[in-house]
Every structure is written in structure tokens, then in C-alpha cells.
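Across the two complexes that follow, chain A remains constant while its partner is chain B and subsequently chain C.
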Partner chain A sequence: MPAEPPVASPATLADAYALIQREPHTPIAGGTDLMVRITGELGSIPERIVDLARLDDLRGISLERSAVAIGALSSYTDIRRSAICREHLPALVEAAATVGAAQIQNRGTLGGNIANASPAGDTLPVLIAMDAAIVVGSVRGERTIPADDFWTGYRTTALAPDELILRIRVPLVPGRETRFRKVGTRRAQAISKVVAAVSWRDHGRSSGWTQVRVAYGSMAPTPIRVRQVEAILEGAHPTPETADKAAAMLAATLQPIDDVRSTADYRRMVAARVLHRILRDAGGW
Partner chain B sequence: MTTVRFLVNGAPVEVDVPGMRRLLDVLREDLGLTGAKEGCGEGECGACTVILDGEVVDSCLVPICQVEGRIVRTVEGLARRTGDGPVLDELQQAFLEAGGAQCGICTPGMLMAARQYLDAGGGPDDVAIRTAIAGNLCRCTGYTKIVEAIAQAASVHP
Partner chain C sequence: MTLRPDSSHGPTTAVPTRPVPDALVVTPGRTVPGRARTVVPLRREGPAKLTGEARYADDLIFPGAWFGATIRSTVAHGRFRELEKDGSFDWSQVVVVTAADIPGDNIVASIKADQPVLVPIGGEIQHHAEPLVLVAALDRETLRAARSALRPIVDKLPGIFDPLDSQHVFAEYTISNGDVDTGFAGADLIVEGEYRVGHQEQLYIENNAMIAVPRDNGGITVTGSLQCPYYVHAALRRALALTDRQAVVVQAETGGGFGGKEEYPSIIALHAALLALKAGRPVRMIYDRHEDIAATTKRHPAVVRHRTGVMRDGTLVAQDIEVVMDGGAYCTLTPVVLSRGALHSGGPYRCPNVRIDARATRTNTPPNGAFRGFGAPQVEFAAETHLNRIAEALGLSPLEIRRRNVYRVGDETPTGQILRESVAGEEVLERAAEAAEFERIRERTARARAERVGSGTVPQGRLVTGTARTASGIGLALAWHGAGFTGSGEVKLASVASVQLTGDGRIQILIASTEMGQGTRTIFPQMVSAELGVDIDDVEIVDPDTSIVPDSGPTVASRTAMVVGGLCIKAARRLRAAVEERHPGRTFAESYKEDARAHGATRIDQQFEPYPGIEFDDATYRGDAYPAFGWAACVAEVDVDLDTGEVSVRDVVAVDDIGTVIHPILAEGQVEGGTLQAVGYATIEEIKVEDGRYLNDRLATYLIPTSLDAPRITSILVEAPFSGAPHGAKGVGELPMDVGAPAVVAAIHDAVGVWIRDLPATPERILAAIYGEPVREAAS
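Moving on, here comes the complex of A and B:
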């Protein structure tokens, strides 16, 4: 049987904060990453665990004035079923639908995907592309970290050891479009070889796109924004020429690695192709 | 040690175990319910699938501390008990008739994923059935007979 480290299940956020400030505890939300770690087959076994399941402050999906707030404990199934997410954040719903299979979607949480900080985490490029902010809390109070600044290196984050992710705020931007694409080995239960999210604001025929975001996962030690490609698309229209230029810049910029799931060359080619397709669909050619 | 109370196949149970013990181990080792199988122990294969509060989960990924007060259904609860002994439910019957089980390791998990699919109103649609069992691996059957069995059960009980 796997290791069974001690676990505390605080009933209030204040208790949870106090506990993890006294002594470091590894949080467990849906457990779809952490329960694999206690088998000892994937990294070190956590010494002490804090179970977040009773913290109702971390649940729920709500519409604020100009943002959607998603509790860290929201599961992929919660996100797929949420009328608010389906209406306002369809790209996130799409990403949630590609994670694992039903058993994983019913348990895995958005907060867990963020904290786990895998470069292949499927929701992470979507959060970056939508300018999401991660709201975290500790005994010191709450603070907000832009998604783009959250992942600081391979599997490291801006989260302090005594902080918890509380919720994710996704601003609602009028006229913003977001597209999500994932390429894996098979439809279910596959870790991404390439995952992409692109968003932009379209102001009609005369002016070009603004607030363009191009975010990729599985291409670097962290999910990344590709600003060189954003610069090409900013103010432009999704024409064949623009798409060729943007895809070429993407291929020249990205420096993915060879690993068991894929080769660097494959990743670079597919990433460029994915972007080209998104732009072609947007341009309607 | 933590005392955890929950319902298994309709019966209340109470266990005194470390809170991080996997639901799979509690079922198999502490409660003697060896229907759920350990294939991989890491969420990939679905052999340990049970239904927790009406949702399929991999019991190898659920710590028992999160099961307090909840409702668990396992393969042992599928057959109906009658005066003449247990009667298989329509899914188990369909798996037998269609040849949906060979070595049987994946079968308890397949049955629970399929049970939840039917309980949620799923019909005999091939794509929908394959999506519902996408988290359950089978090394023997090639899936076709499993999908046929689920479709058969779905048609019997629309």
C-alpha cells in the first residue's frame, strides 16, 4: 500500500491558514496529482497533508461585475456544467473537457491544475490567454497574481509555502474571442504534446485585432506567452500572409524539448500548424 | 487514525484508518470488498472505478478522509438480492451475453462506469458509450463487445 502521511481536514479557512503557517503542509484538493505522489513513483512523498475539501470558501462559480470568479476547488465537471462558464468562458470549458476522462474530470480541480504547475497543464495557457488572475490567501491576507507571472520555473510557482489558491478571476472583456487546441496521443487520458490558447479582440472590419494573446503549454519549462507572435498579430487581420508570418515566427521562437511524449521538431511543427489553423478559421479562408 | 463513516452499497460502515488511506484500500483491505481492482494505482486504467455521490471516480485517487458522510457504490452492489439468491443487474447480464468480459480485471470498473452512464440517462449511442468508458482500459476484449453489452443494456432499459 502507498504511504499514508498524516492529514488534517480544517473546517475553516482561518484554521487552514494557521495550520500551514505553523508547519508546512502539502494541500490536497481532488488528489489526482497528489495521490499519485503518495505511491512514491513520482517525486517525493509529502510529509504532512492538509485536506482542502471542507473549505467551502474555495467552492462555487460566480459572475462578478466584470469577471467570472471560479473557486479553486471547482472540478472540471463543475466547469463543464456551469452555465456561467459555458456562456462566458467557452474555451475554458473546452479545455476542461479534454482533461483525462470522466473519473479525472469529476475529481481534478482548477486550483490543483494551477498549483501542480505542470508545463503540460491544459487549462494554464487558457488562463494566460484570458488574462486571468490567481487570488491566493494566507494569514497575511489575500493577494492577486496575474496568471502570466504565476509559473516561475519548471514546476515552481509564485505561491508562498503557507499560501493557498482561493479562486481564479477571469476578466470579461467585450468582444474577446479565445480559441483552445490540444494535441495528444488519444482523445482521452492523454498528456498534451502541444496545447495552445489564443485570444484577441476584434473591433470590426477597419481596425485590426487588439489585446492579442498567444499562450502555449508543453513547449517550455512553464506555460508561456509568445510575445514575438503577439506583436505580429496585434493590429493585424487574420489574413493568409499574417498567418504565414505568425506561424514562422512561432516556429523560430519556440524551443521545446525532446522527451518521451514527443520530439522538439514535432512539437515546433505542430505548434505552428495549430496557430495557422486558428488564424485560418478566424479569417474564414 | 481517523474515524470515517459512509454508506457502501446502501449499508452504513465505519472505519478507523489513516485519513490518507486510499478508498480502494479501505474497500479491499478493511471492508473485504475486493470487486474494485488495482490495475495501475495512478488513475490511468479505471479498474478501481466506483461511484461516489453519483459520479465515477478512481478509488485509487480518493483519500478516505474525503469520503466522510458520502455514498459509495461498488460492483458488489449491482446484483439485486432476492429470496432466490442474487439476480444480476441488466448490465452484468448483458456483459455475460455479449462476451464483454474475458480476464475480468477491468470488468468491475467497466460495469460501474457503464452503470453511471445508464443512470445518467445514456442511450445505445456508440460514441457516447465510448466516451463514458474512455477512462477504463481493457487489455483483452478490444472494447467492441463491451460497447455492445452496454448498448444492449441501454436498449433493454431505456
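Moving on, here comes the complex of A and C:
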């Protein structure tokens, strides 16, 4: 193994900000993505590492007036066990339960999933579908980046080199429903072939759905929102005709690729069928 | 401590053709559905493994040892023009080995002398993971630096990757019985089919690892993770030009093998030894998972074509079978794998007219080799899937067509072998069907399928869903597995096993048969103590070390319990007789300690003797291909997700006739493990190859089932003892691997109505089979 990169463990957020402002550092939280790179075989080894473990400001899940705030250091297990998440964000709990297996869920964090920026990150479509905001901070202060704007390209983010992800704010929207589905090669320890999250507000029989969000992972270089499909569903009811149209539009819009895990054809087809199933269930037909 | 049998368990209800030998300490497990559990000895090495005290190769400390590494080709086919060495690197701190440093033949001793230990400068590279240069250094950092300072210059050549295209034939066999043309002429129906299977990785839990230590006599001691100490021994002798005594091979605690540590350890041992000899110090060659998957052997991919003539009532009248296996770049064990594949390719069915053509060819991919089942799982997947398709064509139940054709005592196999005894195909079939309620559940799944189709609840297009989310199916398969080595293999091997009473009154078993998780170290003391009438804890088993133990042959081919176990039982009987003769009226147990004091050591070396009446002609492929066969039936139940094509193998009933059961818990462990490995083979395990390179050569991308993917497995052991072995055992390691995949594929068909003829039956293939390939838009 090559020489290990130096690791700094700031005790306060101010120290951490100052440190990464001087020189860029790769943050480490659970290490589940970073440690597989540490041999240098898979990508470059980080030059400097900042350990976030002592930054308690980044911990905790709390209920604010109209949002849930999830500290970036919250593990998937924390999310699964959180009464707040279970009550208000069941789709995120469901997504957290599909990440890796128990050991990964104990170590891996939501902030890490966001920062790692894998197009297959299991929680990312859920964050997009729920209009989550990523709160980041630096010596310059805090700013909020909508999840939909956060992943800017293949494994790149809107995060500046001197910024840290602090927490994730998920707005609580009355009447919002969110559905999640992951399709992997096996039932645990699998990177998704297709991952979907769909949310909408249902105002009852007369008016159609509003605030529809359709988000997918493993379909493009980043997790994506599929606005063409949202447009079909916005103001509509989940009828068979609407579902067929939405599924067809989804398949026509997505441009997935063949890779070692699956094929473009399968991904496109299954993405459409997963959406169709969600709409079928919602419509009760 | 000796654990005695639990008398509350009833006697076996199997089909013994003769009584189970009463010399065994334990009674076999109950052969009823559910968990057969009889109190039996604990695994000898179990507590150490459980507590983490067991030391595997990489845990062993060798003072002064350097770390070794292999520099491999990065092209599938080419010429190794030269080795560039970075002039700025300090070469005095490392050792570099090329083919020029090999003192003996640059050959990895195997069936054919075609595989070099290292490709020489100017030599031809045959696969992308082929070793070119070795390097060792004091620490890993220096090793890394040295690796990047060595640059092999390779001229790329075009490669051959399709075994059907390759003109280089490693082996071919023709087996013929009766006259297929006459058979086809009289058939009511002829069914044809082509079936394909890909690579499978053994994925033992411990990666390959070897440590070589130079000896004062100019020789070398190699300690490592391996199945066959004497294979490694032969390889060291040949390439390093060593005498028997100069080459010593010791097995470390080994974390699984499945055939994957049958042949490749020879190469790693040679590499470690070459570096150690040149460095004059111990060298550790420890593979990480990526190197292990990328470079070491896999199960042979195969293409199997069947043309079968059948009567309306399901009776088979002609089988014309072509088997083509992909051997990879070098011969290794391919001829033997192919031989077993050819011999098993018809399935366990009587057919008067058979022709089997089998060949294995070379491709520019890493050599394929031994893997649990050894050629049989590939061909039995094809045979069973084909038979299920025939049953469907005739409107017969998969159970019924097997009842009509399964071998019974007195039947003749394609090699002209008359099955005289220990034929339990029908027994395992009926018991599996009964335990799984096959016909009842099949009626239910057929009804559900008809309802789905009739009511339009199945999706009507590629992009939409139906009301039904999942479909359930049940599938059945039957298999046979020749016990021990093929043909005259055991006779040629002439294995020796020893049991000795030492001068200080200890009882020792000396064999080269290795423990790799399957129970060797437990069942041998069990068998020998039973014969001698002593407590099991009074019998020691000596660790495999070629300077101490005789060559009892490789630990492969499910031969250990049957063949080597038989030798040890015979040796123990002779030892007991010798001691008791010296102490009339007293048992061995009463007299052996005194005997040792009075008479010194008594050692019995027992050599393999041909099984009476078993003869095979390697030239004509006629005769008794195996002394006996194990028989297995498997019923699998699956749920197929109709939206995604994902398959959940929910329940498996596995019924295996393994002859006399020695240790029911270990035997069931083999059935459960083999079944799960077969489920992986059937559903998700796949090596994707591009230009001769494995694309998914890491654990992140080569996936096997997790515990969440494992079905509930009901294992039922049936005992049809083989009279040629003193204890009647036939072996269990491979049998369950042969039968799981076709059962799962049949269940998928039962659920969704499509036959998947290429393994694995991935969701991608299943959806494509149901809905067809997408219509491509016109190129714009």
C-alpha cells in the first residue's frame, strides 16, 4: 500500500472550514466509498483527508417547522431508526435500507452518499423527488443548494473545494406521497441497475396531481429529474392512459448505457415499468 | 470427547442394497424432509475457525520474508518483445525474476506441457493475465515502485475468443452406443436445442496465497492455500529441477477451494519459489481479490447442442449431443473436465442410441479449470433443460418423462457400462417430487399462469405492467455424478493412505487429502476410530506436508470420502488385525498402548486397488466410466418479478444419494452449499468478457448470492451404498452443483413460460425472452 495520506481531525466547524480553505481536503465520514480507493488501484488516492468525526454540528436528525433536517453525518442506520424519518420520510428510510448491507449502513452516511456523487447513489433520487436542499458551509458562510442542482456531471457536484456538506433539509409538504424502488442484481450489497423515486401531491378527486417529481438514478451521468414525464403527470390523475403515456415518455427520454451491471435496454424498459407500477398502485387499478 | 448418536432419530429409510456398515460411530441422518440432525463429532478445526485463531497463509509469520508480485500481460494475445527497466530506480533493493531465471523446464507441470511459468522474452502471450515477470521487495511500497518501474513491451496480435471458431483443439472424445440414425428414423418426435453456459468463479473466501522458504539443501518449502499438495510438489520438481526431497509442500489452513485451488496454486508456488531462491529469503505471494478473480481459473464456458429422438410416450430412442468447451489459453485440466462433461452429457437416462461428440478448444482467455462439478454442471444444465422442453412438446409432466427414462439397475450407459448396483435415480426423483409436492404445486402454478394470460393481467407491452406483480413457478431436475476419478484415473493414480500406531502409542492418519472447509479433518478420525474401536479424540490426523504424508491423491472429484476414506478404513482394519493378533482375546482398544511399548511402531500403507469388475478403456471410451454414481434430484420454487424480471429462488428441495452418509451435518452442508452455488450459477453469476479480458473482476461487480438471496433449502440424504468402498460412501461435494441450475431455469419457465437457454438466467435475459428485443428506431 502506498503512503497513507495525512488525516486532520478538526474539533470545530470553524477549524474545519479554515483547514479546507487553506488546502483542499477530501472529507471522510463513514469511509465506505473512500476506503476502497485507498489502495490507489481504483482512482487516485486522496492527497489530504479531513476527518469529520468530531464535528457534532453535522449530527442529528431534527424536526423543524416545515422540514426535517438531517445532519450530514447521519448514517443509513440512523435514518432507518429515526422516528422522525420513519414518520415523515418513509421513502428515504426505504432507500437507506437498500444501501449495501448492515455494516455499510452502520458506517455510511447520507452526506457521504451525496458527496460521492455516484449516478447510482441509492438515496439521491429520493432527495431530488422530495425537493431536498443540501446545506453547505465554508468560511464564507452557509448556502443552500437544491438537490436537483447539486450533481453537475459524472461524479461532480456544485460543492466548492472549501465547502462541507452540513445537513440536508427535506421540506414537509402536506399531502405529498413519495415512492421508491431500487432494482439491483441481488437483495443486498448491490449497486443499483435502476433506482427510482416519484413524488406528488394529491388534492383529492377533482383536481389532479401537483408538484410531481420523477427522479432516477443509474440512468445518466448524474441522478436526474425527468421533467418531460413530470409534465405529463402534473395536473393529471394516475389513470392507465396517463401511466402508459408517462412510461412511454420516460423510455423515450432516458438514455442509459450498457455497462458491467446491466444493459441500456433493460434499464430503459425497467425504469418505465417501475414508473408504470407506481402509477398503477397510486391509481388503484 | 466423543459425541454419540442420538438414538431418538429413527433408522434410515433409504434404499440400502446392503446394511450400513456397523463400524461407523454414527448413524446416518434421518432421510425425511426437514433438518436431518444426528449427533456427530464437531469439526476438528471448527473452534479455531470460529474464534479466529485459525491461521491462514497470510496470517503466518516468516521472519525476513519479502513481498512478491506478478507482472502480467495486459493484452490477450501478443509477443513479449522486451522488458524495459527504469534506469532511475534503484534495482539493488529488489529481486526481479524472468523466464531466464528458471532452472528447470519453463513448464507448469500438468496434463500437457504447454503452459510456461513465465513467458520468456520473445515468447508468445496467450491471455491477458499471463505472468511475464516477477518482482519481490522488502515492503509493499518498494514493491509498488518497482512494479511501476518495470515495463514489459508487448506486440499485440489478434486473438481468438470464440471456442467455436478456434481450430486449436485441446481434447476431443466421441462416445457412441447403438445407432442414432436408426433411432431417429423410428422416433415420433425429434427435438433440437442449443444451450450455453458462461464462466463461473469459485469465489472461495480466502484468496490464493503461497509463501516460499529456501532450504539449506538447495530446495524449497512452500506453504499455502491449496487442495493438492502433490500437484504443487510435481510442479516445483519440474520447473525448479528439484529432487523429491528438495521440494516440500505444506498446506496452510485453507479457506475454501471448490476446485479453484487444484491447479493454479502450482503457478503461485513456482513464482514464490523462484523469487525466494533468487532473493535467498522467504517470499510471500498473497493475491488480492482482484488479482485472484482476474488471473485464476474459472468454470469452463460451454456450448451444448442436443438432437433427441423420442416416442410419443416420452421414451428416449436417440440422443445426438455435441459439447464444445472453452479451455482458455492453456490445456490445464481441460481434457479431464471435458471427459466428465462428455460422459454426463446425456443425463441420467436410458437411451439405446447415443452419439456424443465433445471437444475443447483454445481461446485467448485465462485458462479455465476445475470447479465443483468439473464439466458436469454445464452439460447437465443442457440435458435437463432439453428434457424439460421435450416433456413440454409431448404434453408430459417433467416428473413423468423422467420416471419413464431414468436409469435403473441393469441399464446400460453410453459407454456400455451396465449399472449393477447403487442406482438411486428413481429414488431421489420420487422423494424430491413427494417432499416438494411437485405435481400439486405445478397444477397450481399452471392454473395461475392460465388465469394471468386469460384475464390480461400480464403486461401487454415492454413498457407497461399488468395487475400481477409476480409469478411463481416450480421446476424439477435430475442428475447423476460419477463417483471418484473418471475411467482409469484412480488406477493410474495408485493413491496411498497410511494409518500408524506410533512407538509412543498414538494413532495417526497420514494422508495428503486436504481440509478446505468440507470436513476431511473430521471424517477421517471418525472412520478410523470406528474401525479401531477407540475414541475419536484418540485418533490424530497429520497435517498435509509432502515430507511426511504419502500421496493419497488430489482432494478433488468428490473422491476423498469414498476413495481415500476406503483406503484408511482398510488400513485401520489391517492395523487392528495386526495388533489384536499379538494380543489374543483382547480388543485393539484394550491393547494398542501396550502393543506400542512392546513392539514399537506399526504403520500400514494402503494402496488403491481397482474396484472389482470395474474396467474402462481410455482409447475407445467403452466400459465402466465410474465405479458408481451419485444421484440427485432438485425441485426449485421461484417467484419472478413481472416488472423487472428479478428471480427469487424461494424454496429448494435437494435429494442426494451419496452412498453411506458418514457425517450428516457436513454432508448436508455440502448439499446446501452446492445448491446455493448452483442457484448463483443459474441466476446471477456471470463473467463478462471483452477482448479476452474479464470486465467484472472484483467483488463489487462479480456478484454471488447473499444470505438474503439464499432459498430455504430442504436437504434429504438418500443412501444407496457402493459395495466397492468398504464403507459404501460415494462422495457428496459436487453432486448438488449439477442439478440446481436446471431446476431453477425450469421453475422460471413454469412461472413465465420462457426457456432461458443461456446461463445465467438474468433479469435482462428473462425480460428479453418474454417481450423480445426492442425494435430499433431507424438510424438517424
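To be clear about the criterion, the second predicted complex is superposed on the first by the 282 of 285 C-alpha atoms of A that agree within 3 Å, B and C clash if a C-alpha of one lies under 4 Å from a C-alpha of the other, contacts with A are read in each partner's own complex, and residues count from 1 in each chain.
Following the convention adopted for this analysis, a residue touches a chain if its C-beta (ideal position, glycine included) is under 8 Å from a C-beta of that chain, and two chains touch if they have at least 3 such contacts.
Quick caveat: nothing in here was measured; it's all calculated off a predicted structure.
Asker: Scan A:38 for contacts with chain B and chain C and give back first, second, both or neither.
Answerer: So A:38 only meets chain B here.
Asker: So, A:262: does it touch chain B (first), chain C (second), both, or neither?
Answerer: After superposition on chain A, A:262 lies in contact with chain C alone.
Asker: Now for A:191: first (chain B), second (chain C), both, or neither, which partner does it touch?
Answerer: Only chain C; A:191 stays clear of chain B.
Asker: State whether A:243 touches chain B only (first), chain C only (second), both chains, or neither.
Answerer: Only chain C is touched by A:243; chain B is not.
Asker: Using the touch definition from the top, say if A:101 reaches chain B (first), chain C (second), both or neither.
Answerer: A:101 sits against chain B and chain C alike.
Asker: Where does A:28 make contact in the superposed view: on chain B (first), on chain C (second), on both, or on neither?
Answerer: first
Asker: Could you say whether A:74 touches chain B, chain C, both of them, or neither, answering first, second, both or neither?
Answerer: In the superposition, A:74 contacts neither chain B nor chain C.
Asker: Is A:276 touching anything from chain B or chain C once the two structures are fitted on A? First, second, both or neither.
Answerer: Second partner only.
Asker: Please indicate which partner A:183 is in contact with in the superposed arrangement: first for chain B, second for chain C, both, or neither.
Answerer: Second partner only.
Asker: Can you list the residues of chain A that touch chain B in one structure and chain C in the other?
Answerer: 1-3, 36, 41, 101, 187-189
Asker: Give every residue of chain C touching chain A within the complex, in rising order.
Answerer: Chain C reaches chain A through residues 140-141, 144, 290, 459, 462-465, 467, 469, 643-646, 684, 688, 695-696, 700-701, 703, 705-706, 708-709, 763-764, 767-768, 771, 773-774.
Asker: Provide the residue numbers of chain B that touch chain A in the complex, in ascending order.
Answerer: 2, 18-22, 25, 29, 41-44, 46, 49, 52, 55-58, 60-63, 65-66, 113, 116, 131-132, 134-136
Asker: Touching residues of chain A toward chain C in the complex: what are they?
Answerer: 1-3, 36, 41, 101, 183, 185-191, 194, 243-244, 247-248, 250-251, 260-263, 265-266, 268-270, 272-274, 276-277, 280
Asker: Can you list the residues on chain A that touch chain B in the complex?
Answerer: Interface residues on chain A, with respect to chain B: 1-7, 9, 28, 30-32, 35-36, 38-39, 41-42, 49, 51, 53, 77, 100-104, 106-107, 187-189.
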